[in-house]
Amino acid sequence: MIRAFANPHRFMALSRWLAPACLCIGALLMVWSVWQGLWVVPQDDYQGGDIMRAMFVHVPSAWLAMASYMGLAATSLIWFIWRHELADMAAKSIAPLGAAYTAMCLATGSIWGKPTWGTWWLWDDARMMSVLVMFFLFLGYMALRAAMETRQKAARAGAILAMVGAVNVPLIKFSVDIWSSIHQDASVLRLDGPAMPPVYLTPLLIGGLAHMIFFAGLTMMLMRAEVWGRRGDVLIARKLSGS
Amino acid sequence: MAENAATMNEFLIKAVGLGAIRGERVLFSDLSVEAKAGEALVLRGANGAGKSTLLRMLGGLSRPDAGTVERPVRHHWIGHRNGLKPHETPRAHLTHWGRVWGSTADAIEIASHMGIERPFDVAGRLLSAGQKRRTAIARLLLADRPLWLLDEPFSALDTQGKALVTSLIDRHRASGGAVITALHGEAPFEASGEVQL
Amino acid sequence: MRSPSPLRAAFRQALGEAWAGGAGVLLPIGFFAGAAMLVPFTVGSEASQLSSIGTGILWVALALASLVSMERVFQADLEDGVLELWAQEETPLFLVAAAKIIAHWLVSGLPLVLLTPPIGIALQVDAGALVPAMLAYGLGGLAFFLWGGVAGALAASVARGGLLISLLALPLFVPTAIFGALATIEGPGGPSLLFLSATTLFALSIAPFAASAALRLAVD
Amino acid sequence: MRSPSPLRAAFRQALGEAWAGGAGVLLPIGFFAGAAMLVPFTVGSEASQLSSIGTGILWVALALASLVSMERVFQADLEDGVLELWAQEETPLFLVAAAKIIAHWLVSGLPLVLLTPPIGIALQVDAGALVPAMLAYGLGGLAFFLWGGVAGALAASVARGGLLISLLALPLFVPTAIFGALATIEGPGGPSLLFLSATTLFALSIAPFAASAALRLAVD
Amino acid sequence: MAENAATMNEFLIKAVGLGAIRGERVLFSDLSVEAKAGEALVLRGANGAGKSTLLRMLGGLSRPDAGTVERPVRHHWIGHRNGLKPHETPRAHLTHWGRVWGSTADAIEIASHMGIERPFDVAGRLLSAGQKRRTAIARLLLADRPLWLLDEPFSALDTQGKALVTSLIDRHRASGGAVITALHGEAPFEASGEVQL
């Protein structure tokens, strides 16, 4: 898989149809899960009435936010070890998307929190803090890349920060278990299997899948733009190697 | 003077197919450089041609955009920047790098050889331009290293200082060392080769 | 590495630099004390309120003072050309980076720790708890300096990276600050002190490598 | 001064410099937000407590962010040789110093003021009071930048003066911080806002001269 | 070229009885310097002799420890440091100082004259040593000022750059300006006087 993607030509050929396909399928599934969430799924009194429908945006965006950070760290590691240019392009493309998803997780969480917990934000809640920190890491990653002189340097600096910042991912995931957090414990991604009624679980899982596919499509689109942007440099590199 | 006098036909540094891109410009490409014991290469080129860039690649500071550098021996580096901190006196500078390199040389003796015994305890930021340069060059005498990479070593030096550094270079070559230096104007020593950028 | 003497030299140089920089050891103290001092003025000094926030304020002041201490260290080395010299040495650069950070912590960080009891008392914190808390402040401060060093190294080659540094460092500070604040509340023997030690150990094992990679980048 | 155009040029240069340094305007924001962010979870966030200290914390964060912004401005000018050029101009140096400080305040200080409402809300401060308080934060921030500039100029010729600066600046910050904190509690129309304006005016009328005298000293 | 062409026997700068103490050393004392239209004074002396110190006093940067400086005309300053900020491009630098001095000269033309049109939009910290120096020297062309104070203006310049600056100096003198410059080695222009430190 990695090998197939490591070749820019193969990547371009593959993503030419895969990216739009992902965007379409992801969008369709997303529409379905939101429709399920908003109009089909029964109201749940314990989780605060109709507001619980926010779950169908909140939880997928939370998953995607964490997944995109892990993606950022992983692509950075791959780039750092093997110097596959595509891995760097992937990292560069993931960052703004991850920041957007993290912002969405924070926003929907706050909106959900106001009626259920009676507050938009709690500063000593480990879950919220660690997600906020992740948001700042994405911002810092982008600012650092932007501040660097050349693409190579941006890639190296970004990779270092992304890998160091990976400390925060387990912190986010396990924050609810380690500290007493007001945020509810994991009920889907648990070692002993999901503890959520299937009426909610199915649209939620499909929604998560939808965002995942959509995200992959977006990432590929950004990477394609990046590859086009770098074509010019390749010409210079050819000139350089004297051929 | 060189610590492990290499046999005469072995290279002390060898770079093949070097290339450098800066911005949208190709500074140089497919450049090869080799220096053997006793040789002194001079890097030539107009301002901005890429001499410092090449030297940094030879010293291992910059990653070449193309090509490879082999450097089997240790080397000394004198760049555009002297490596002297604003609060550091020449004494502190030489003592420090002497310690790093396990040098047994006497810092005071080296200083008087380099003509910096008078400002020996003056902080770097108060030194004159030439005194800073002399302090940097004094590092060459702290440890025997076969290869010297010097970026405009004569800049800021007075006439006596230039003669001094020239004699250092000659002595180093005579004892089996090699020198690669970026220079403007005429070289005050006999160059064994030039690289035009 | 042929012998540990290059490292000892790096350490000594960094010690000298930390002393010589500005008026030396007095200055982070000024920042630390000043930051802690502004709080009662702006927040108001009802004793009950102050005492409940005092230990936390000390953590914030410690974090910011560490940031300000480490901010310029590597950038200055880059500008002076010292980094070029170290980057060409055989001594692994991560050891040099570690030596520098630890030396700066000894000169600028440790005095802050020694200052927490008097400043804590000024902030009306219960005096009995302050001395055991020094262990937590010491561990936490070391982690702050290490991450601050990484951020400083990353931002070194950027013009006026000082402010980029805070954006990079503060997220890295958060786990340490969380566990540290909990540890000072729990007192010694609490589980948070263990977590705090873990974050510091983690920083010790990661930060030197990250910093040296960033320095190679800066010098390129 | 023959015409105001040298001054306008100094102002433009400083604006460009403030933008170009690092990733520009985003970064003081990072420091400010980060500093404000560290407080709640080290201090604990029982809402009642936070809301009562929130406005004060904003003042401390504003003061420290101003300090960090102004710290290197003049020292960098000295190191680059720009100060030598300005010191030989006919344009009075105090005007140049004022132009630089105000340009930096516009780029780095004003965004902080615009940020006080959202961050204040996050710190559970009563939202209604925050918008009128922006005037106070704006006046206070300008005074912080001015005094920070004086301290920065004084410390410019000292190696790594960054920390000396805090020692010099923080005492100068205290009157502004006191009246500022009172003004945000009293709301608009209170007497403290007048005192705050007076301290800012005082800073405006003294700081440029003090800074330029310090710069002449630094360049000598 | 000089903005208010002084009559030939009026001085553009006159310093009397200058003295400088640095640390415990007297660098120079009772030194007098005078330059009239068309003259080029060269300051001579070994590294650390006090040339830069003297120039800074002449330019008004340092207070003389003894003596007085009279400078009835405006002057240009090129010091050891170029005055170029790390993020500043040559274009920004020349535009900025052009504005400060109310210059009507065309920055692009000056740049191409100084051979810095290629890196005209490259940030100062990325420029080569010589390109930085050329940018600083380009300031001389932005505004007509009768007196030039130059501290080692040829440092870091390539052969072509040195010839260029020499011709600038000659032109400036021909049009009634004066130059005082610290130099090592031979002066590439005809000096009208030397000050030995």
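Read from first to last, the chains carry the letters A, B, C, D and E; within each, the first residue is number 1.
Basically, a contact is a pair of C-beta atoms (placed from the backbone, for glycine too) under 8 Å apart; a residue touches a chain by one contact, two chains touch by 3 or more.
Please read these numbers as outputs of a predicted model, since none were measured by experiment.
Of the two chain pairs examined here, B-C and A-D, it is B-C that is joined by more C-beta pairs in contact. Set against the Cα centre of chain D, the chain with the most distant centre is B. Using the average of C-alpha coordinates as each chain's centre, E ends up farthest from chain A.
We define each chain's centre as the mean of its Cα atoms; on that basis chain A and chain B are separated by 49 Å.
Chain E has its Cα centroid 36 Å from the Cα centroid of chain D. Centre-to-centre, using mean CA coordinates, chain C is 44 Å away from chain E.
Residue positions of chain C touching 2 or more other chains, listed in rising order: 20-21, 76, 79, 155, 158-161, 164, 167, 170, 174, 178, 220. In chain E, the residues that touch at least two other chains are 80, 85-87, 123, 126.
Shown for chain A are the residues in touch with two or more other chains, namely 129, 136, 139-140, 143-144, 147, 149. Every residue of chain C that touches chain A in the complex is listed here, in rising order: 150, 154-155, 157-158, 161, 164, 167-168, 170-172, 174-175, 178, 195, 202, 206-207, 210, 213-214, 217, 220. Interface of chain B with chain E (complex): residues 22-23, 25, 45-49, 51-52, 80, 115, 118-119, 122, 126-131, 133-134, 152, 155-162, 184-185. Listing the residues of chain A that touch chain C in their complex gives 126, 129-130, 133-134, 136-137, 139-140, 143-144, 147-149, 153, 156-157, 160-161, 163-165, 167-168, 171, 178. Taken together, the chain D residues at the contact with chain A in this complex read 22-23, 26-27, 30, 34, 37, 39-41, 44-45, 47, 50, 121-124. For chain A in complex with chain D, the touching residues are 119-124, 129, 132, 136, 139-140, 143-144, 146-147.
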